[in-house]
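You will see two complexes here that share chain A, one where it goes with chain B and one where it goes with chain C.
For the complex of A and B:
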């Protein structure tokens, strides 16, 4: 079966692990457990007539102490930049990470995900700021499940298309 | 190798062709399949490991990051030696230790962000509330002030007095809360200007002494002779701290004396202030807590004596911003002494020292003032304040009308409300700046520092915070009014009987000053200068205060040229000043 490596990148606490958990296990856990190193999951999906195994690499969120290791994206077919709608700084971080990844690995397919759509009344990230990126964007809620599967499948479709 | 296997590692040997073979027993956690398929993470680690095995340098091991798969946590270790090895460790314990540390850091960071957001929201809320509360307070207090100037019988006068006092108290509470939130939001900016310590002390004793005398208490101050009185610092904040401490001493004392002592502190450039009372005292276990926000020595204190419990917390922050500390000594039933230290610069003789005293209500005659405010109450108030000033006031209700009037004719002063329909005060000011340079005084109910910055950025000459008192408004107008109008000084009726003799005394001083200068008796010049500095502004003659300051400074420095010039300035001013 076709196998595609997809990396989840973004600031810490934006919900990368929760998005994968929601997609792979259909579960959401309120507890925040920070990711250390890399968490690898797999999910078989069908996109159109093609079956594909998505290898989901959930990379530890970048913080003041540790930078994202771009080398962990080696061999990736694409990546998902995750921002937290409630933290404007997380979108800026996503923009910064995209530049760094593109600078080191060249152009790779990616999508921007603005997570925590269930807390939209507390969002700091403005629609204008999202639109300014010019990137394909999904608004998701790992908690409610909104937009999660669509986002993963859309990227998968892009990778095999 | 057996040892490594016994320690729980999965041990792989690297062959010459680069393949990896399990070289010992397979731990039960080892997934089936060959490498790197069994551990996808090795796809990114093995290229690094290959580089390391090819050129290990001084190191013998290379550790991978931790990774998780199938609910287990792993780490890979490349070992360089006679036989290159790849160890896989099931690293659950290490993972948990690392996670607990990083998790703590992340949670702390998220909490910090959350607190910053809440603080910003609170600051915004308080700024908004400040505006909402101060606008009607402006009208209420202003009307009370105007009402007190109308003919009233004794009963009515009593009602108005209570009305004004209650309004002032309420305003003090609002100001306390605003000050505290400004400190919390880091918006307090300390001034660094030259000022006269003796004037500040005299003023606070004068203000706080009114209530003390009403209770039959004695309030006095002592400044040690070696304390420099011409300082550089923030006289407004110093005054606020002292008024707070003296106010507390007054509040908690039923009989006896209240004294304010100032002396040199042991630390360089630092002064030590002490306010002592013979009041109820503070229990020793509450002495440090009284400086916490919303705290009083006893919860019942609030009910009996009132207050927000913010005064000392604000004073503490101000003292810290002045590079000092504050503490208390007390014996229950005997009294308390509140101490604080603060750092100041010493002003050079050339630095101008503004007078601390309030000026009476004066205004230069014939000023044409453009008043832009959408509130009828506020326009009425300003009109009332300037009723007997001889000013000509043109009123408009929004910024666009103000710009239009400003285009049509010249004004000496523009009083501009910040928030108006059609065109606000900031935008109107920007347009007016392209048309002329008349002083524009912006009146806002926003007390926060950014409101002031915004006003100056828009081109305003000054920013006045509502509710504005009559004296403050007139003082500002006087300060910025055109020099052409500084011919006559209007003095309020009640001051007129004393103004004439005052000016005569100053004219008499000229001969004394000249004689003292001739015989080199600078002490006399310094004393007379000090008297003028402390009194001129009080009667409405700011130049006398300024000249007095110069005389005092130049006498202190032994600068005969400046003393002579200042005496000439005084003579010239006294020969031209006219009282309306």
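For the complex of A and C:
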């Protein structure tokens, strides 16, 4: 059995917890996020012929007051950078976080997720800005559920590939 | 020849000369060795070099300690200081744990139970405490990858309920980070114990893994050592697998026997569980039952006592009764005092919910001065006096003999007084005049004679003013037997008219 630790990081309010909630049935209360700064969920997936247990660490969103604790990312096999399509600043934050994580933990597989695809007409994030990152990117809607599972499975595939 | 040698070997001679000078010069030789010594030692890292160096190093250390011990102490302090602090802290924790246990056990219900057990089994109290207080069971053991928090292996004791161990493992790692960041902030510090109710978590740390155990009961200090030793052994055996861990936990399957060996326990958990029910029943049920019984008994006793007090007050209010003493003797009440024979029977005043057997009476007779009782006594006295009076007749005659006539007025006065006394007490008495005869003569004649004697006396008394309605004349043969038995000279007493006051009608 393969087990992988995956972290969700991004600006406060970009929809990380909603994405996880779309993907798994949580057993832990979401208050953990505000108390110890992380909420952990588990999801067993099958990628090709391999069974993988994903341990999803949903890290409290970074904002002006709270800094991301990189210590939570130690031992992660990969991470998901989440940005909110409706807030251009969230993409900039994702880029900043990626640099910080790579600086401290070295190169790790990751994907960029631009959430709130259901509000596409209100997006501030330009396709060009996304393309400039050069990162594997997924557009998801935690509200409608589109793209969520595909994104998680794609990352899982990347980790075991 | 010399020139030829100079031509042929000239340049080499310069080199040789240089080499000779280097070999002859000790300081140059030392410089040369020093430049290659580190590399030479690295290349010669076998046991022979270590053995060769060992006595030298030992001697050097010894000399160093003798000449300047402070230098070595300062050098070792960062290493030993931390280890010593940790060891002392561990020992102090152990002492505190046993002290708190001792204190807890000294003032608890459990200690009473243990003291009783010690007394009944004649074992020293300390032995019982050790036997009973260190009951524990390791229910789950988690081997966790330290960096990722991923669960490497997990074993459980039989009949243990488990929640998702993967999540527990990750959450534990997250909590470690949280506590470290928010409390100590020091990288080397670790969460050492977690306790929640009856469950304690024992934690051991290695460079790459954490061994955590959920212990039900009181984990002895030695358990931490067992966990640490097990983890050290796993770290040694699986150093490579731990360093390169990338999510494949099957590489740690072979650690399961070692983890299972950590599922230690003292006492039989199942027995303890069932015993705990018994103990709970004993510890809580019995005192509760006793208290309930005590409370019930107290309430019942109070109710009975109240009924008795009510009864005693009622008896005390009764005319002709004076209470001198009441008390409870065992399960019975004792009541004593003075009682006029004419007073009501106290036993008849007992309420229905107070058993006759539960009260013991002790009465001394006395005459009460209550007017009603005095009048009653006077009535009884008059009645007795009247019933002792009789008129005697001659043989075969129903006429009141002249020598008896003077009695009529006296008897009449008595009757009037009696009737008045009875009326005063609200009683309506009847007086029978009973005519008698002796056994001589025909029976029919005698019967008529007896009736005639009674009627004559009644008529004479009515004539003297005794109310006729209260007097009746009846023949009486009841004394026939008696009269037939007596001698001739006594038969005179059988030829009579006597009186009987009938039971007064209320």
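Simple rule for what comes next: the second predicted complex is superposed on the first by the 149 of 161 C-alpha atoms of A that agree within 3 Å, B and C clash if a C-alpha of one lies under 4 Å from a C-alpha of the other, contacts with A are read in each partner's own complex, and residues count from 1 in each chain.
Just so it is clear, a residue touches a chain if its C-beta (ideal position, glycine included) is under 8 Å from a C-beta of that chain, and two chains touch if they have at least 3 such contacts.
The model shown is predicted, which means the values in this text are computed figures rather than measured ones.
In the superposition on chain A, contact is made by A:87 with chain B only, not with chain C. With both structures placed on the common chain, the touch criterion links A:77 to chain C but leaves chain B unconnected.
Once chain A of one complex is fitted onto chain A of the other, the partner contacts of A:1 are limited to chain C, with no touch recorded for chain B. In the overlay built on the shared chain, the residue A:69 is in contact with chain B and with chain C. With both structures placed on the common chain, the touch criterion links A:12 to chain B but leaves chain C unconnected. Of the two partner chains placed by the overlay, only chain C lies in contact with A:53; chain B stays clear of it. Across the superposed pair, chain B and chain C both touch chain A at residues 5, 36-38, 40-41, 55, 69, 71-72, 74-75. Across the complex, chain A meets chain B through its residues 5, 12-13, 32-41, 55, 61, 63-66, 69, 71-72, 74-75, 87, 89.
Looking at the complex, you find that chain C touches chain A at residues 145-151, 163-164, 166-167, 170-171, 174-175, 177-178, 180-181, 246-250. Chain B contributes residues 40-41, 43-44, 47-48, 65-69, 73, 95, 98-99, 102-103, 105-107, 109-110, 113 to its touches with chain A in the complex. Listing the residues of chain A that touch chain C in their complex gives 1-5, 27-28, 36-38, 40-42, 52-53, 55, 57, 69, 71-72, 74-77, 159-160.
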